[in-house]
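Each chain gets a letter, A, B, C and D, in the order it is written, and its residues are counted from 1.
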């Protein structure tokens, strides 16, 4: 009798959005491996046409609940770029600080709530509560701290309301910033505790590698999250205004989300891409975390993306504290926002969302009415790479049987921290015997 | 009790001392978000205190009847337990019109049935009032005879230019004032204070009322079916903003909140407003004051007639002008309505 | 006495009562017989209590029993929303929170002495009236003729069956009933309660008339009484409004100058001349 | 008492409202203690068809989603629409202002006619099935979510505000943003967010939908007074009110 494997995961769980995994194999021979994105398409580029430059952020923030801060910030940067609005140094700093909060929040959520259950061999964070209550409470605490931080600066955790073209509608007080600094300083030991918990089960991360081109931003003075040029591990560099020639988006039959490719047939973005491109700029504490897991620059194991995220959490906290110090030294000043359009034209901007590089472009007329836009979301850029990973890993592990194959593929997709509602929406694996 | 004088400096030192020794001190300061406005807020530093303010966004009623407060805690097994705010506190900078509003509330919350929640907070408060130094853009306290105040506070401060005249009206106030470096107020100081009072009684009057406030009640007797209610209420949002900011509005809603154990919880009261749609709605779906114009009229009757009948005829609008600024369609101004009625009824007389 | 403020009474604090009897009277009305655990309820006909269900809130409910009955009091509750639905789940022996009695505007016990009394009730409006009716029956010699007009939507919604039967059998009280909807099982009058008024024309002249029923009823009954030349200062109405506190603070029950909770719920109709919102 | 079984489903949306449930942080343990979550794709791998309460996030844009929703409705005793996408159609409804073919072309270009990119006019959940309760907001407010869920758990009909945002805004002591030149929709939008946006200095843009009787005439008057046009108001309003804009 021939041994058939038929994996059909419809709507993969513990990911943001809807995705399916299909694997068909007979007697160890792989017939079909497919990563599908059936999320309902949402048409943001179409919806923003005719809207005022002031409303763009409010609309596109709704692309994704998890990375709404990144979407909002990149939209505003792009809008400002298009219509010629300048911002103050203070605004830039507070935006960066706000953006850090999202990295922490999203990374903790991803590693703690979505990936950790895989490593512990359970189906969700709920059973983890009884198995490792303290660990879960620490994760919850870190997550709460990050959220309160977002709320302080953004007015709300999800879909921030304080940021608008030209500046902030509300500023934190110096007292609040001091309190934040103290909270973040106290968070470091908790973060280390989380690192240790993950370390204790890190042997569950599959050892798989595939040569990959990793793409991210690079910035002079910072480990790039908020701004920079586009760079890749293949040594290429590109200005943000030319991002469309990097992403080269195309429509795949497997997906309601668009896919992307640059020099190779696919590329990867995300924490591991940033890590591989900008390792040197990481704060020491982040490098230490990476070392604990043996994660080194040049790593091509997609499962290690979660570890790169953990390392980044360290960087975020340390650099956020530095930023707060700078803000406090300068003193918080109330500013008058001059957000009126100065010119017509197209603007481009990029930012590193927690799950990878994110591009927004908009074109406005001289009144600031949006004529059109183009957005390219990190998860879109990873879809092609996930497919390529699938094609390599499935033959390598097909002997381990249906359940193991299914489990590893689910974990693989999760490790990319996909945001499928972003790219449109998410995941589901299907297997048959 | 004697009248004292404080130099500006000794006032600051005194407030410093109050802040350092008392747990809860509230004072007027710049609004935390909009720095061109003022608010009552916890006073952390004397430097933030602004006794020269014009008007605060919300009246100090929030310390006596907070926007949300717990009345009773309940437990499915054990029944009910009264919840009471018993902390002592000090409020610095209450203007005469707001003080008079508090005096009115005191009467209303004791009348018929003694409200221990309001009254406990009231009794635990030490009020340092201060005379108006800057007229706000909509104030009409002079018209309402609320530009100066004679009772309710523990200490009254009056800025006379070269310092403050301070008068304690209660023992509590006297004890507190004793801590300040004061001198006896001279005749000239007392005269200067009198001048401030006289000036305020005349000049805090951006919207002059064309009759005595005590005559409004009678005026309203003839105005129930006047077209002004319909006309004005046409653009009323029923947003209750005029109610929320008013120092003499005290209507409330009550609701129960369960805790996660689903066995215990709190019964809370929150500010409500008679302008809101649904204020009089009962099960199943009957609304007694369903028309906007009726609700609009109700508020002005409450201020001008109904509440006065409970508190010895005093008008229940203290002329702070907050509702004027709070009302987007600009229909809330009580003076405009009362003056309009005056014109029409005197026109009828002629 | 309250530990924190030293007041002897917190007007918002319910006192516990125990359910002695609970039974459905028809599809929607529940009869409750209650006793206060500590001090007995000292009330007058026409007063109401706030019934409290933890987590759900409070509902003002008229006391239906007469204070002449000692040791317990009775309520009748229609299931209509959150609180009343929970009241309907009460069982014998259950504890419940009660505040009150509230209402200063009660039935004019003294003034009505020696007068003929006419009670006009619509549906559940019988509930508060019953308190005074039974009070009068218990002090029968103090009062003149008693007439009760009762209109119900449909005969299945009638309640207090045995008590109504007793009244109709007594010679010292006259009960006339009608239902809005014609039905084969109902042999009595059909039509709204106002159709009964002409039947008692002779009673009305010097009588005190008491009205209680759904909001729409008052206007029509008062009009019908006006046709019979009944003076407004001998008409009393038992009003109902939204209430949140029951103690004259929350403002919801205000009718012009009156608070139903402290000035009512029973008002003399002539006094309501200054309160156009009342009827 | 058996713990009610709760299932969470999502359709076209950003999943931000589910995220607010995750953001309950420590309280999520209380939630899990009080209900039995049997299906919640974003957070757990278990799945079940047996549930009492179905929580629906997202708007409906495809026939297959409609079918799935009917099925959920037939299984659930209580169906809750979670967040603006579900209660109003949300931001997704903006696309209904355009011709659908044009919308697809704009995003997918020459590939627009591929079958898996099929879309229909966006619908709120109650345009497809009967909804028992709506939890408003984009995203929902964790506090309100908790209080509604607790109400349902004790069998009480939750109290969802009928009054406008201004009530909460004023109670918080905010100066009105209109005085600072912002076209705030507070007076005609349902409260419950504790005036989230105005408190952060940003005008309310209406994510909780109109109150029951919005005075749109008054709104027109007011914007004129402030030197703005009804068109301005309309454009602000239709961010979340595409379905309701006939009132404007």
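Keep in mind that, in the parts below, a contact is a pair of C-beta atoms (placed from the backbone, for glycine too) under 8 Å apart; a residue touches a chain by one contact, two chains touch by 3 or more.
Treat the numbers as computed from the prediction; the structure is a model and nothing was measured.
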| item | value |
| --- | --- |
| Steps in the shortest chain-to-chain touch route ending at chain C and beginning at chain A | 2 |
| Maximum centroid distance from chain A, chain identifier (CA atoms) | C |
| Which of B-C and A-D has more C-beta contact pairs | A-D |
| Innermost chain by mean C-alpha position | D |
| Chain A and chain D: spacing of chain centres that average the CA atoms, whole Å | 25 |
| Separation of mean Cα positions, chain C and chain B [Å, integer] | 38 |
| Length of the line joining the C-alpha centres of chain B and chain D, rounded to whole Å | 37 |
| CA centroid of chain C to CA centroid of chain D, Å | 44 |
| For chain C, residues contacting two or more additional chains | 55-56, 81 |
| Touching two or more other chains - residue numbers and ranges from chain B | 33, 255, 258, 262 |
| Residues of chain D whose C-beta touches two or more other chains | 154, 201 |
| Topology of the chain contact graph, where touching chains are joined (line, ring, star, complete, other) | other |
| All pairs of touching chains, each written as two labels joined by a dash | A-B, A-D, B-C, B-D, C-D |
| Complex interface listing, chain D residues touching chain C | 154-157 |
| Residues on chain D engaged by chain B in the complex (per definition of touch) | 27, 30-31, 33-34, 147, 150-151, 153-154, 159, 162-164, 166-167, 170-176, 178-180, 186-188, 201, 211-213, 215, 217-219, 221-222, 225 |
| Touching residues (chain side chain D, partner chain A) in the complex | 11-20, 22-23, 25-26, 28-29, 32, 37, 40-47, 58, 61-62, 65, 90-92, 94-95, 97-98, 102-104, 106-109, 111, 114, 116-117, 119, 138-139, 196-197, 199-202, 205, 235-236, 239 |
| Chain C to chain B touching residues, read off their complex | 2, 4-5, 7, 9-14, 16, 52, 54-58, 80-81, 84, 95, 97, 215, 240-242, 244-245, 247-252, 254-257, 259, 262, 276-277 |
| Touch list for chain A against partner chain D, complex | 11, 13-18, 38-47, 49-52, 55, 58-59, 62-66, 68, 109, 113-114, 117, 123-126, 129, 137, 140-141, 143-144, 147, 154-159, 161-162, 164, 168-170, 251, 253, 255-256, 258, 372, 421-422, 425 |
